[in-house]
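Same chain, two partners: subunit A is paired with subunit B first, then with subunit C.
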Partner chain A sequence: MVGAGIVGAACAKELAEAGLRVAICEQNGYAGGGATAAGMGHLAVMDDSDAQFALTSYSQSLWRELAQELPAEAEYLACGALWVAADEEELREVERKFRFYQNRNVPAEILDSKQLAEAEPNLRAGLAGGLLLTADSVCYPPCAAGYLTKRAAATGGNIFFGKKVTEVSESGVRLEDNTFLTAGLTVIATGAAAVRLAPEIDVHPRKGHLAITDRYPGFVRHQLIELGYLKNAHSTTADSVAFNVQPRVTGQILIGSSRQFGVEDAVAEGPMLSNMLARAIEYMPAIADLSTIRVWTGFRAATPDNLPLIGARPGYRRIYLATGHEGLGISTSLATASLLADEILGRDSAIPRSPYEPSRSVAVHA
Partner chain B sequence: MNEVDVLVIGAGPAGMAAAMRAQESGARVAMVDDNWSAGGQIWRGVQNSHTRTPAGIRMFWGTQVVARGTAERTLLLEDSEKAFELAFDKLILATGAREIYLPFPGWTLPGVMGAGGLQALVKSGLGIQGKTVVIAGSGPLLLAVAAYLRKAGARVKLIAEQATTKAVSSFAFHMVRYPMKVTQATALKLSLHGVPYLRGCWVEAAEGEGRVQRVRLRQGRKSWTEDCDYAGIGYGLYPNTELAALLGCRLRTNAIEVNEWQRTSVDGVFAAGECTGIGGVDLSLIEGEIAGYAACGDTARASRLFGARSRAKRFAGALDRTFRLREELRTLPRPGTIICRCEDVQYEKLQQMSSFRAAKLHTRCGMGPCQARICGVATEFLFGWRTDSVRPPILPVRAGSLITRKEFQQESSITR
Partner chain C sequence: MPENLTIEVNGCELPAKAGMSVAAALFQAGEFRFRISASGQPRAALCGMGICFECRVTIDGQANCRSCQILVRDGMVIRTS
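Moving on, here comes the complex of A and B:
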């Protein structure tokens, strides 16, 4: 397993528990230091495509099981998510979403303007309503990844921290210090950095900004997202920001988020941050006075069809991919691990695997 | 937007000296300080020639620098009401230093604080009259604080200096070469008459019900307790380099690197005083003057102060050697001792971590409002870790302050 982000950690645990002898090579001295250290950790069920729904909802059921055993520092919080509709047009979208989720047995409720205000008193007055998804939750991704890594180790896995992989072949991996580790099969789970080891895949970094405040318990109660989010998020050309705020177990408020293509520099950019905070304040004016203690950035691994790459690397027999999770890798990590293990072990899967097969993405590219 | 020739950050001795010299050289000068009066750590609330701000210098009190501004040579500032940008031609950083706190069992009990911290509290109104106080830690600041508290009516039981008697007496020997220092030292000695000054001695633990009632001291093989109402414990000073780092100035060990003109590695940015290395008030004043002159291109007058600066620096070097922290202080924390106070992270959690970033991500150490200003220094001493990168905002800031008007307008076109 190359990479101990949330995806690599989840895959390592799953494969170790299935009886394989697993080793993880992680360049950092700890787990979860890549995109996993930056992500908001909203464990979401999404409706933007049937394949995305299948993966996110399957993964959510796995998260709910795992939550029973997660340590406190993984900060699992079953707060529900609220999609906020600003106007009548967006309210119609709420109704469409509601039917979508209802038809698939996902608990959902429509809130009118008044109910929305009661559910989230700090939202500005006059918003049209919202969709409450009660089963959504949030977590603290780095510690969740740390926990999964420990579980892999407890099942006999070897964790090699501080080991950067420079080359992956059918017989194993080469490390930066030129040592070669032989492996029966190798999984590339290095997030947005996967293109360095598998240059042919169509994965591009999409930068995001986040900000976190001091502790204001009760200020925000649900994971809040504006309905315009997908509209903005899935544009593959323009930079965008969206109102996306989250309550933390600590009482802090995590404020997101932005999306940028073609930027590789991790530096926090004033104008982007400014746009993002302005958007948040547009929806929640009182955020303007909250003390902000830290701002950071992270890179999502974006694919052309917004679906991850899970499974055999095209043209190879013993190399697998688990990357391309864009803004949903925390949510879909557990399902990713389960599908990958099914493929490797020749098991049947709970959901069809074909939408995530890496071969389809390469086809798009060609 | 405001426009000045020279902007000075920090109104302590170095900043005040720099501002006055720059103004003398004909520059339009502004100063920013997050406090409400001049003087910095040492002269806060004191009236003297260094704390009276000359007419003509624009003062921004109660104001903090939070980030770079939108354009080159601007900074984003925030006060209690608003955020604004200030444009400058030359910048002088005189951001001073903060006290070093090292964790030991009980150090988070109410009544235990830094030595300088206790002095500051008394200056701002804490009643110390008749209270029993133990002062401990390291460095000449301990003596000054003890003398101040005694004058304010405290019963100073003892001063515990962790450096050895040998080191401290050789330091005293060095001071003979600095007549000013000897007078100061003699005055201090008189005002501390009868207060034991224990060398090679440190606080191992603080104990008490709900607040400190006694501290456990160690001196060689000897260990005993002393009752007290307050314990002021400071292990010297650590340069404040966050703003410099944000601006891209090169650091040398833990201080801002400067050349003979007090210029940093970044064009147009100067630095003076404790943020360039701990050297005491005399060195800070001289460095401030040099920076003030040099920022205005007055190299003739700046260079006349080089000799005085080298003399003051030798004293600073002696300071550094004398009060080097001893190994035993690394062994004081117990498994349950809190190291990061913002996030209540205990020593045993950190012992399992390989670096500061590992600790931050997996234990929340350093993630609180102080952003590792305290625990970063402590974990550097305890584990040899370096804290991670400085990011804007360098201090907690109202979310609204990070929004610039121009972008607020652009924003709608982006998202709608």
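Moving on, here comes the complex of A and C:
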């Protein structure tokens, strides 16, 4: 397993528990230090395509099971998510989403303007309403990745921290110090960096900013996302920001988010941050008075069809891919691990695997 | 002579002087526990220059204000934890 982000960690645990002898090579000295440390940790169901819904809802059920055993530092919080509608047009979108989820037995409730204000008193007055998804939850991703890595190790896995892989072949991986580690199968789970090891895949980094405040317990109660998020998130060219805030177990508030293409520099950018915070303040005016203690950036691994790459690397027999999770890799990590293990072990899967196969036409450069 | 002011700290009225930081007023009032840290330890102002965040208190209802960076005002209501 190359990479101990949430995806590599989940895959390593799943494969180790299925009886394989697993080793993880992670360039950092710890698990979950890549996009996983930068992400928000909203464990979401999404309705933007049937394949995205299948993966996110299956993964959410796996998270619910795992939550029973997660350590406290993984900060799992079943707070639910609220999609916020600013106007009548967005309210119609709430109704559409509601029917979508209702037809698929996902618990959902429509809130009118007054109920929304009661549910989240710090939202600005006069918003049109919202959609409450009670089964959504949040976690602290790097600690969840750390836990999954420990579980892989407890099942006989070897964890090699501080080992950067420079080359992957059918027979194993080469490390930066030129050591060669023999492997029967190799999984590339290096997030947005996967293109360095598999240059043919169509995965692009999409930069995001986040900010975190001091502790204000009760200020925000649910994961909140503006409905405009989807319009913004799916534009594959323009830079965008969206109101997206999350309550942490500590009382801190995570404030997001931004999306930028074509930027490889991880530096936090003032103009992007101020747009992002202005958007947050537009929805929650009192955020302006809160003290922000840290800002950072991370890179999502974006694919042309917004679906991850899970399965055999086209043209290879013993190399697998688990990357391209864009803004949903925390959510979909557990389902990714389960589908990947099914493919490797020749098992049937709970949901069809074909939409995520790396061999699908859009996933690799022509 | 700086103007005499009255501030309220945890429900008690205390004298202070204009131009003083809230942190200085708290120390003068004998308050050495500004807040309780996440791990349950008592904390008070340390750097006095806005960097360490140890001096956070609630001022006029607003939580997490750095008391070393804010000057007292007459009638200010301060809460330590």
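As a convention for this text, the second predicted complex is superposed on the first by the 361 of 366 C-alpha atoms of A that agree within 3 Å, B and C clash if a C-alpha of one lies under 4 Å from a C-alpha of the other, contacts with A are read in each partner's own complex, and residues count from 1 in each chain.
In the analysis below, a contact is a pair of C-beta atoms (placed from the backbone, for glycine too) under 8 Å apart; a residue touches a chain by one contact, two chains touch by 3 or more.
The shown structure was predicted, so the numbers you read here are calculated from the model rather than taken from an experiment.
Colleague: Contact-wise, after the overlay, does A:33 reach subunit B, subunit C, both or neither (first, second, both, neither)?
Modeller: A:33 sits against subunit B, while subunit C stays out of touch.
Colleague: Between subunit B and subunit C, whom does A:214 touch in the aligned arrangement: first, second, both, or neither?
Modeller: both
Colleague: Considering only the touch criterion stated at the top, classify A:126 as touching first (subunit B), second (subunit C), both, or neither.
Modeller: A:126 sits against neither subunit B nor subunit C.
Colleague: Let me test your reading of the model: by the given contact rule, A:291 touches which partner, first (subunit B), second (subunit C), both or neither?
Modeller: A:291 sits against subunit B and subunit C alike.
Colleague: Hey, is it subunit B or subunit C that touches more of subunit A?
Modeller: B
Colleague: Would you sort A:346 into first (subunit B), second (subunit C), both or neither based on which partner it touches?
Modeller: After superposition on chain A, A:346 lies in contact with neither partner.
Colleague: Taking the superposition on A as described, I'd like to know which of subunit B and subunit C A:199 touches: first, second, both or neither.
Modeller: Once the two structures are laid over each other on A, A:199 reaches no partner at all.
Colleague: On subunit A, which stretch or stretches are contacted by subunit B in one complex as well as by subunit C in the other?
Modeller: Correct list for subunit A: 214, 250, 289-291, 293.
Colleague: Given the complex with subunit C, which residues does subunit A contribute to the contact?
Modeller: Of all residues in subunit A, those touching subunit C are 214-216, 250, 289-291, 293.
Colleague: Can you list the subunit B residues touching subunit A in their complex?
Modeller: 67-68, 70, 353-355, 357-358, 361-364, 367-369, 371, 391-393, 396-400, 402-404, 407-408, 410-411, 414-415
Colleague: Looking at the complex, which residues from subunit A come into contact with subunit B?
Modeller: It comes out as residues 28-30, 32-33, 37, 73, 142-143, 146, 161, 211, 213-214, 228, 232, 238-242, 250, 255, 268, 270-271, 273-275, 277-281, 287-296.
Colleague: Help me check something: in the complex, which residues belonging to subunit C touch subunit A?
Modeller: Residues 38, 53, 56, 62-66 of subunit C touch subunit A in their complex.
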